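Two complexes follow with chain A in common, the first pairing it with chain B and the second with chain C.
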Partner chain A sequence: MTAYINGLSCISHHNTIDENYFFENLSTQPPSNKLLATEPVYKEYISAASMRRMSHIIKMGLTAGLMSMKKAGSEKPDAIIIGTGIGCYEDTDTFLRSMSDNNEQLLTPTAFIQSTHNTVGGQLALTTKCNGTNFTYVHQNLSFEYALLDSMMLLNENEATTVLVGAIDEITPSLFELFYRTDRIKKTEDLQSIWNSTSKGYSLGEGAAFFNISSTATPTTQAKITGVKCKQHIENADELIQETDLFLRSCGLQINQISLVLSGNCGDEQMDKKISEFNKKINLPIGYFKTLCGEYFTASGFAMWLAATIIKKQVVPQAILPDSQIVSNIQHILIVNHYHDKEYSLMCVSVC
Partner chain B sequence: MSTKVYITGMGIISAIGDSVEETLQSLSDSKTGIGKINYLETFHKDTFVVGEVKHSNNELIEIAGIGNYNRTTLLGYIAAREALKKASINDIKEARTGFVSATTIAGMCTTELLYKDFLEGRNNTNFIDSHFCGVSTNDIAKHLGIIDYVTTISTACSSAANAIMLGARLIKNNILDRVVVGGVDPLSKFTLNGFNTLMILDKEWCKPFDENRKGLNLGEGAAYLVLESEKLVKEKNKNILAQLLGYGNANDAYHQTASSPEGHGALLAMQNAFKVAGIHPDAIDYINAHGTGTPNNDSSEGIAMQTLFNNNVPKFSSTKAFTGHTLAAAAAIEAVISILAIRNSMIFPCLNRSTQMSDLTITPVNTLEKNIPVNYVLSNSFGFGGNCSSLIFSKN
Partner chain C sequence: MSNLIETLKAQIIEQLNLAELKPEDIDPNAPLFGDGLGLDSIDALELIVLLEKHHGIKIQDPKDAKAIFASLQSMADYIIANKK
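For the complex of A and B:
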């Protein structure tokens, strides 16, 4: 299964909404332990009346989706498939708080309505008047991967010619606090380049990445997705290498054809143990993409956007490369991701 | 792509029983599971009636026997285990096997109990380990031994229909040989209060498709089907419960929570399901409607049915007055009920009804009908976000 990326967008910590920006002059150390998104001017995409009630993730998701459609020159996709690890936490938190503060009385419905995991998928359908297939995957760090697998399956079934597929997750103050108090977040004083990191925790990130994909190339095609694979469990680095080998073969590729690996190290030495060993053994240029976007359940959506953009620009941001490596003639990029050393995923993005 | 998808096992736990057999008994006796709140801790304990599974968490821990999990994981595991047992599957690894589960609540049933402590700075943060949707799916899959394709879908009240649909597509695309599909949602204060703010909860027994319906009753539970490829069924000479003949998914694209008055999304979902099934709507013997009992749903769905069947609507009912609306589990619970209708030549009634809806010309089945050949069943599920899904089951 191959899918062509004909439009794409990304809202992330850095100014990725500006097509000319590409991570120039950045430190190799994540700038903070909380990588909040640089937000676009939402009113260019959403009417003021609808925007008033929308939480952060809805605005990000809806806008990023519409941006991707615009780049693809598409007004309405045939299907909308969303992946979100956490869903609409701001609204969930608001409703939980008011339940707790008011002892389950005098509550209003807006936060409850918008707390539903499929809110962004629904809003995109409403806005684009898309009556087609509409799915939302909520499988933690594999949410985007399963959304992508479904999207590619829809293309394969000829059920859709173009699919809008997206990855969205947000940081809220409560969520940050929750992650911080459960030792998932790195202390500010421990921040280091991800590949040198010897401390616990990671920088928490957020963002929205969307893609218009189809089974044939169009004049706006930027790159193609040649494969996606999810693994519930990886025992050790050697198993990850074996799985990578099998995966690449299923994409019609060999390991030595890969120009760059975008590795999902998060910066927590213990959690990264297997993937760090994998990176050492695989003997390929490694880019540490979470330097730019932080760790979150759908960070692999950011990685997919980054891979497609690297392929188009034929430039790798220096901040994600150790030792000022030069990577050129970029043909195939392998994305290897994990979350808390639990589920792993492999994705491959290639030139057209 | 032409392979057939068969149902070889099913499992269910809801307000009307802990197993397929108990469920059939309650349905045959027209016995509802909806009543006073016994287990859910809420301010509204004496205000609303709900469809609770008749066990405390400790009893469920005992029944499941997999350790100290939350209600979501326990209910899900109990139903999925029954489905595998009924499908006579002992060795999971003998074929490519997946697990696709739907939920909207996930760990919320635990989070909502500890959130006040968290907000007030006390160190009650363990709920983070169970809060996110994929966690219960992974835990259930782990205890079932399924590793090949494990994922979670959340499209509000249509979630399990989409899980069932995805499972069929995974088999047709030759990605899996068999897959356990369905959904689970326990009751929670979060949803009870949420639906209360929308003013769509009936304080008494819900009355789907009644002119004087006031809203829905919430329920809880889990149900799973084992879907197997035609090839595997033949190889293993498996006993078939039914065939999953068609499925359709569409978006109403009308409003974040309300259904369009003419039921546009519902109509499209049903039409898509017939396209996949390759049968004419006339073939349908029974429709298990979404029929939540809210003024909006039953009117919109009823009009969509009248449009699709050109005013020649087959026998239909909503079984939510038995189980309550079980949200992400609803489509799976109703899939089991649809298959029970086929297997037992019965049509289960719409309880509590007395008055004809003025905006519909059709009337649901109000009393149990026995010895009725049921060869084809259509089952509808719709949700917030405009998500509409329909499934078609057949006897052979």
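For the complex of A and C:
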């Protein structure tokens, strides 16, 4: 199965809305354990009347989706498929707090309406007048991968010509607090580069990445996705190498054809143990994408955006490389991701 | 009455998340729905909850809602007439 990326957009901690700006001005920012998104001027994409009811994640998702459509020169996709780890958490939080504070009385409709996981998919369908397939996958760290897999199957079976596929997740104060209390988030004093990390926890991130994909190339095609594979559990680095080898064979590739690996190390030494060993053993240039976006359920969406943009620009941002190596003639990028040392995924992005 | 109007303006801006509006932008006699503030049916539900939550007034007959929520002034009149 192959899918062509004809338009893409990303809202993340860095200014990824303008890819030229991103590549030219990317600097190593002061380390933080909370990587909030750099947001665009939403009113350029969403009417004020609609926006007043939208929470942070809905604005991010809707805007990124519409930007992706614009770049692909598309007005309406045949299907909208979205992956999100925890969906509209802020609205869920607001609604539940209101239930608790008001003894389950006097509940207002807005937060409840917007709290469902598929709100962004619904808003995109309303805005683009798309009444085709509309699914939202909520499978924690594999949400985007399953959304992508479904999108590629729709294309492969000719049930859709173009699909808008996206990845969205947000940080809310209560989510950050919850993750911090359970030691998932790195203490400020422990912050260091992901590849040198010897401490527990990670920097929490958020963002929205959207892709207009089709089964055939168009004049706006930037890269192609040649495969997606998910694996709930990996025993050790050798098994990951074996799975990668099998995966790449299914994509018609061998491991020595990979120009760059975008590795999903999160910065927690223990959680990263297997993937770090994998990175050492495969002897390929490694880029650590969570240096830029942090860890979140759909960070692989950011990795997909980064891979397709690297392929287009033929430049790897120095900020994701552990040393000053130069990676050139980039033909195939392998994305290897994991979450808490489980829910591993492999994705391959190639030049057209 | 003028204090109640100002209070209602602030409550409506907060409850309906009308962040673009300032209290002075709301004309007490302009329609809340349609041409005036341009509110919709979801806002109507929010206003019903606002009346009950902040002013302790429950609308008994839904048919009355259209007249009560015609404008900010009509809301204030209803609150004064029904305040216990």
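Note that the second predicted complex is superposed on the first by the 344 of 352 C-alpha atoms of A that agree within 3 Å, B and C clash if a C-alpha of one lies under 4 Å from a C-alpha of the other, contacts with A are read in each partner's own complex, and residues count from 1 in each chain.
The rule we apply is simple: a contact is a pair of C-beta atoms (placed from the backbone, for glycine too) under 8 Å apart; a residue touches a chain by one contact, two chains touch by 3 or more.
Fair warning: this is a prediction, and the values are worked out from it, not measured in the lab.
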Touching partner for A:22 - first (chain B), second (chain C), both, neither: neither
Contacts of A:157 with chain B and chain C, given as first, second, both or neither: first
Touched partner set for A:52, first chain B, second chain C, both or neither: second
Greater chain A contact set [chain C / chain B]: B
Contacts of A:107 with chain B and chain C, given as first, second, both or neither: both
Chain B versus chain C as contact partner of A:176, first or second or both or neither: neither
Partner chain in contact with A:42 - chain B first, chain C second, else both or neither: neither
Overlap of the chain B and chain C footprints on chain A, listed as residue numbers: 107-109, 113
Residue ranges of chain C touching chain A (in the complex, touch as defined): 15-20, 38, 42, 45-46, 49, 52-53
Residues of chain B touching chain A in the complex: 1, 42-44, 103-104, 106, 111-112, 115-116, 118-119, 123, 125, 128, 132-135, 137-138, 141, 147, 149-156, 162, 166, 169-170, 172-173, 175, 189-190, 193-198, 249-257, 264-265, 268, 383-387
Contact footprint of chain C on chain A as seen in their complex: 48-49, 52-53, 102, 106-110, 113
Residue ranges of chain A in contact with chain B within the complex: 80, 85-87, 95-97, 99-100, 103-105, 107-109, 112-119, 121-123, 125-126, 128-140, 142-143, 146, 150, 153, 156-157, 174, 178-179, 181-182, 230, 232-233, 297, 343
